[in-house]
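Got a structure for you, questions after.
Chain lettering (A, B, C and D) follows the sequence in which the chains are written, and residue indices restart at 1 in each chain.
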Amino acid sequence: MALRKIINDPVYGFITIDDPLIFKIIAHPYYQRLRRIHQMAFASLVYPGAVHTRLHHSLGAYHLMHNALNELRNKGVDISLEEERGAKIAILLHDIGHGPYSHALERKLLKGVHHEQISVMMMELLNQQFDGKLQMAIDILSSKHPKQFLHQLVSGQLDVDRMDYLSRDSFFTGVAEGVIGYDRILKMLAVHNGELVIEEKAIYSVEKFLVARRLMYWQVYLHKTVVAAEKMLVKIIKRAQELLENGIELHAASEALDFFLKDHQYTNDFRNHLEKFCCLDDTDVMCTLKNWCNHQDVVLSLLCKGLVNRRLLKVEFRTEPFSKEETEEKCSKVARQLNISDYEAGYLVFKGEAVNTTYNPNDERIKVLFKNGTVTDISKIQNALIHQHFASPVKKYYLCRFE
Amino acid sequence: MALRKIINDPVYGFITIDDPLIFKIIAHPYYQRLRRIHQMAFASLVYPGAVHTRLHHSLGAYHLMHNALNELRNKGVDISLEEERGAKIAILLHDIGHGPYSHALERKLLKGVHHEQISVMMMELLNQQFDGKLQMAIDILSSKHPKQFLHQLVSGQLDVDRMDYLSRDSFFTGVAEGVIGYDRILKMLAVHNGELVIEEKAIYSVEKFLVARRLMYWQVYLHKTVVAAEKMLVKIIKRAQELLENGIELHAASEALDFFLKDHQYTNDFRNHLEKFCCLDDTDVMCTLKNWCNHQDVVLSLLCKGLVNRRLLKVEFRTEPFSKEETEEKCSKVARQLNISDYEAGYLVFKGEAVNTTYNPNDERIKVLFKNGTVTDISKIQNALIHQHFASPVKKYYLCRFE
Amino acid sequence: MALRKIINDPVYGFITIDDPLIFKIIAHPYYQRLRRIHQMAFASLVYPGAVHTRLHHSLGAYHLMHNALNELRNKGVDISLEEERGAKIAILLHDIGHGPYSHALERKLLKGVHHEQISVMMMELLNQQFDGKLQMAIDILSSKHPKQFLHQLVSGQLDVDRMDYLSRDSFFTGVAEGVIGYDRILKMLAVHNGELVIEEKAIYSVEKFLVARRLMYWQVYLHKTVVAAEKMLVKIIKRAQELLENGIELHAASEALDFFLKDHQYTNDFRNHLEKFCCLDDTDVMCTLKNWCNHQDVVLSLLCKGLVNRRLLKVEFRTEPFSKEETEEKCSKVARQLNISDYEAGYLVFKGEAVNTTYNPNDERIKVLFKNGTVTDISKIQNALIHQHFASPVKKYYLCRFE
Amino acid sequence: MALRKIINDPVYGFITIDDPLIFKIIAHPYYQRLRRIHQMAFASLVYPGAVHTRLHHSLGAYHLMHNALNELRNKGVDISLEEERGAKIAILLHDIGHGPYSHALERKLLKGVHHEQISVMMMELLNQQFDGKLQMAIDILSSKHPKQFLHQLVSGQLDVDRMDYLSRDSFFTGVAEGVIGYDRILKMLAVHNGELVIEEKAIYSVEKFLVARRLMYWQVYLHKTVVAAEKMLVKIIKRAQELLENGIELHAASEALDFFLKDHQYTNDFRNHLEKFCCLDDTDVMCTLKNWCNHQDVVLSLLCKGLVNRRLLKVEFRTEPFSKEETEEKCSKVARQLNISDYEAGYLVFKGEAVNTTYNPNDERIKVLFKNGTVTDISKIQNALIHQHFASPVKKYYLCRFE
């Protein structure tokens, strides 16, 4: 009787793990670090339940992968034990390269080294530690494995990543409308010419899935308060780096965060700094922000206090762009009010864009398999809800400002 | 301390009733009859959990009405206690005129007297018994009360009837994708110029609501097996009436059903037969069908046995109409097989259409109230999911046949 | 790729069936009849959602059996494919012998032929029709198969029957406190010396299971309104038989029910009447009751109208028995009020007892397997909630009376 | 139309706030700090979903208080608007004095200043800031308000604190068996002679509540892995303070934590240090632990790395105490293995006790109100599950050790 570990999950009931290699990966400090990175960054400022972690999400996606592979095997799709393990490890580690408050900090703190690149670097590092046993997972993640559908399960239009994060995020936020029929979609997956397709009977479930995603974007992920918080963090890091360049003394709460703040050369070969990167998580950032609340720089301390105490910048969304004049006028007003320069006020009054696309058929390609064996993109099916029409992204313009 | 009754409801937790008049209406045999009429007729042949009753649905809609009125009052809408009681009674009784397997039997058994007409007749009868205390409810239901929004809560595009049946039907069928955010929609209702509108923040929830309804139609209400069963019942009643006209002896299991089967004059003034109508429910029909399983008429007994034992006619759905030739050919084949006439075989092989519209802006008019005070139909909002495009009904053609 | 049928279940999500023999059993009219027998008889008079059927319950128990066998196999327990099929069929058919409103009518209508005996008779009949393929299922149900744990999964202290009915009944009634951790209990099942045991880690879950059962008994199954309705049905059948013996004309709505009402010899060999028995379900009884509402006999019509229109006898529960005097006095009062004899009034005023035992260690024997390999009855574990103390049944006395 | 804020809560759906004073309290930095304190400390190491915060819990308890007061008012209990506001603020702030990883750190870091004392101090501070408007809340919390039942709703045997944390903790852990019928219990609350009692009909729900609490204690709160993590944190702080006393250089990641680590005089008057205390939360501790992973002291760095990377001490639970010999022997073995002193090894090998009482009638006093107006303690009711027997606490002994 092999060792089996059962993890309680409020979303799926239980998650079962029974592969010794996967035990070891989960127990590795690199993976455990994901406990300290929130899946939804600042969304909990609006939805207080949304404090779940990237570790929990990746365990959930692993569980869905297990079920998806089972369903496909039951339908006669050939999947070897090694491929099964590979696909499971790939999904487990697909987010391992996320830094603290990832989407927010990627550009500023890591100078644009993308979390997906880091995930691959970290998997390669782990692959060395585990004697090459992660090669299949790396191949699947990088789309080098010949069975395309395995890669599409990890990262495609109906991948288990999205299915888990939509399910989990709607569960923890309490946004009931975000609930998707992941169970039904999984049961309707099939493989056709080596590609992942979905059976005709699931058309309405897929429509529902796309509509739920659309709703989650506008109602949760791009909620104006969430956007304000993320932008404030970006501005904080930018200001901190500016102060450092100007020779002002400033320390992060941890050595690792200090390094990434101050050292500008590391991106030459990020691989050399992976060990340090693996020390970073949300707590470094939050602890640092709290320390900076009392910094002498008005802009830095204002932004930090605002984010720590949830006194956020006001945000307005519009369907048309904000004019340069309006922005500048508001900026000047804040400058006078706080007795800072217009340039500095630009940290407290600024504009931007939020974009989301409901379904882009060129890009996404959800293929529906009909009973007669033909395959059609979901946007081209007669009477479908999802049309060409939705291919163009919806843009909303926002202005954040101190009040 | 007033009497208060608390009813457990798996969908909403608890339903509370605290008005003595409403107690008496609920306790009335006319209302209790709804215990014996399934909300979803034959849907339980596909979704075994879907055996909930019209009584349960109307109690649920009453609960949502209570919450909706509360929300509106909290927003400053003027609603008197009498209007509250009227709206609650109106929704409680809005379905009281449903006969057994209602949609299926309305045309055949009741010669087209529509359940909505019967509901009003029965409310008038009850109004006499309750000394005119139901007048406000009747006025609201009949749209005669000046506050239009009260009528729209009972019967409109975002009425509590739909909200309950979508929630309840998806709950009992287990079709998770049918779940709607009724709670959020209720909280976003408002009144503008006397009409029910929905606040801008609920746009995505309303989209989700319309998509859920669309899904429930095609996946549940118009599921081919459900359609087959309903059509079989219609054919059974038609055949029975034909046999009676031809002088064949035939009895329903109850006196009331016997009356409606055999007497053809009653529709002249249905009001005279309300008492008899109130004896009818699903059990009369099912018990009768079981008795007729052994009737000498091959067609009748075949259809009854099929429906009782869930050996249903096969159904095929197509996007194009079935040709006359194809239908006739299949019909003849069955005639030969069972040694019956082609005419008789027409009871076992027949075609029809199923139609559903996602959202018809001319007809439905879900009005969205923007923060700036303007009101726009949901189909005309920029970037909305629901477009003019969905106004035209989707038709599917089916052929039922004995095999 | 084998045929696979997926059934939506609001309790477990999906139930999957993939064995052609099991398809055929489910499609058989004997099994389909269970669609028309409510799992909880008259409980829906108090809990309007509790209208689920015995068909739904047995499908659910089948699903849990599937999961339980999987878990045991994963733990190294040897279970052949034939045994798996046998256990699944046994649980699917364990309730097939239930008559209409079963517990209520067993004694009166079927003269005490117990539904468990009938289940076995019907399985034997089906075994003939299916060429002996149900023999293993019959052996498991009758405890003749050497692997005792299979029988215990069908009918024991932690069997899947109880686990499903507690889960399902609490789900459909909306009594949240009846929810049990079936999933966790299933995962903790094990086999020790051929017997079903439960791992130490599940002690608290089993305690919770027993407490949930206790709660469901007193709050739902033995709810005074439910008891009143069941007793009224028993009295109705008794009165009908009495009237028939006295030569009064009286007909049931269906031929099958008429037979069991009138023929007193059939119990000699029930096996000869199985075909008739299989025509009986709740609709025969309810349709008959509705017909009898207008019968000339005051007692019969009063009871029928009461049950049909939910104007039930009043019930009082006490911890001490009601005295003969009190009962007789109330009986006489009703006799005078209705102008009937004291004997007849005995149909409308009568007393009885409701009994339930929380856990009887002599009888139930839930065995806990400790990590060190020892096995102990749950009632003998140090600090356990469930003690010897709970072995004695709790009795409550009730008096039903017309008012 | 007053301002109204609606917060999504996955446990209760929506939490509504409509009192401007309560808005201000929630927006206060002292309250917002609770966002950064986990409700269940290290429980998420076993139950990954259990990352909800004290802010979320206190909002949930506030919601239940709102409902409870409503129910009592509906039953005719006199509660003024000022008392309502007081009770709501009292429950909102009842946990505001919790420090980081509260139960674990109270003794070591705050030298035994109990979080309940700190809560009162902080409420008094807020009372000054809010012009005395929190006085009623302070009186209710401190049991000085004459209406005892209000205090009992905040802190009693059936208080909304417990009801929320049991509901919320079982929800986020996914331990379905911890679910309680809070909704039903709330509806059955009543006031008798000024004290909170529960109606007879809720006896089984209260039994279920106590059994759920018992299960949550042994299965979750006192789970051996959770206990190990908490004890490791206590040892880390103790070791750090010892190193500091010995003059070893050591810094916390934040100034506030540094202060409480190093200054030993503050407990003289904790009131002077409230401002500093309000800067502390879980992120200070976790960020500090991460920094200390590389400290030169073997014991400190081992413990920190273990807790950060979830390589916890092994724990064994027994019903009998561990002997001094066994503990010392294991200790010495670790000393030799790591080349440290036996004294130092005592940080890595140590024993302790976990205690929980199911229901202590002397202490807890859940009073049941019978229909006849009498009141009885739940442990003295005939046939109750909860008996005198459960009054004595259950003790389990554990040994933690490095491996």
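Keep this in mind: a residue touches a chain if its C-beta (ideal position, glycine included) is under 8 Å from a C-beta of that chain, and two chains touch if they have at least 3 such contacts.
All values reported here derive from a predicted model rather than from experimental measurement.
Visitor: Return the chain pair with more inter-chain C-beta contacts, choosing between B-D and C-D.
Guide: Looking at contacts between chains, C-D has the larger number.
Visitor: Mind checking the centre-to-centre distance between subunit B and subunit C? Centres are C-alpha means, answer in whole Å.
Guide: 32
Visitor: Could you please state the distance in Å, as a whole number, between where the Cα atoms of subunit B are centred and where those of subunit D are centred?
Guide: 50
Visitor: State, to the nearest whole Å, the distance from the C-alpha centre of subunit C to the C-alpha centre of subunit D.
Guide: Here subunit C and subunit D have centroids separated by 43 Å.
Visitor: Taking each residue of subunit A in turn, which ones touch at least two of the other chains?
Guide: Residues 13-14, 175-176, 183-184.
Visitor: Quick check of your reading of the touch definition: is the inter-chain graph here a line, ring, star, complete or other?
Guide: Per interface graph, the chains form a complete graph.
Visitor: Spell out the residues on subunit D that touch subunit B in their complex, using ranges where they run on.
Guide: It comes out as residues 1, 4, 6, 13-14, 18, 74-76, 183-184, 187.
Visitor: Could you list, by residue number, the parts of subunit C that touch subunit B in their complex?
Guide: Interface residues on subunit C, with respect to subunit B: 7-11, 13-14, 27, 29, 32, 35-36, 44-45, 47-49, 51-53, 55-56, 59, 171-176, 253-255, 279, 281-284, 286-287, 290-291, 308-311.
Visitor: For the complex, which residues does subunit D have touching subunit C?
Guide: So the residues of subunit D in touch with subunit C come to 175-177, 179-181, 183-184, 204-205, 207-208, 211-212, 214-215, 218-219, 319, 358, 382-383, 385, 387, 389-390, 394.
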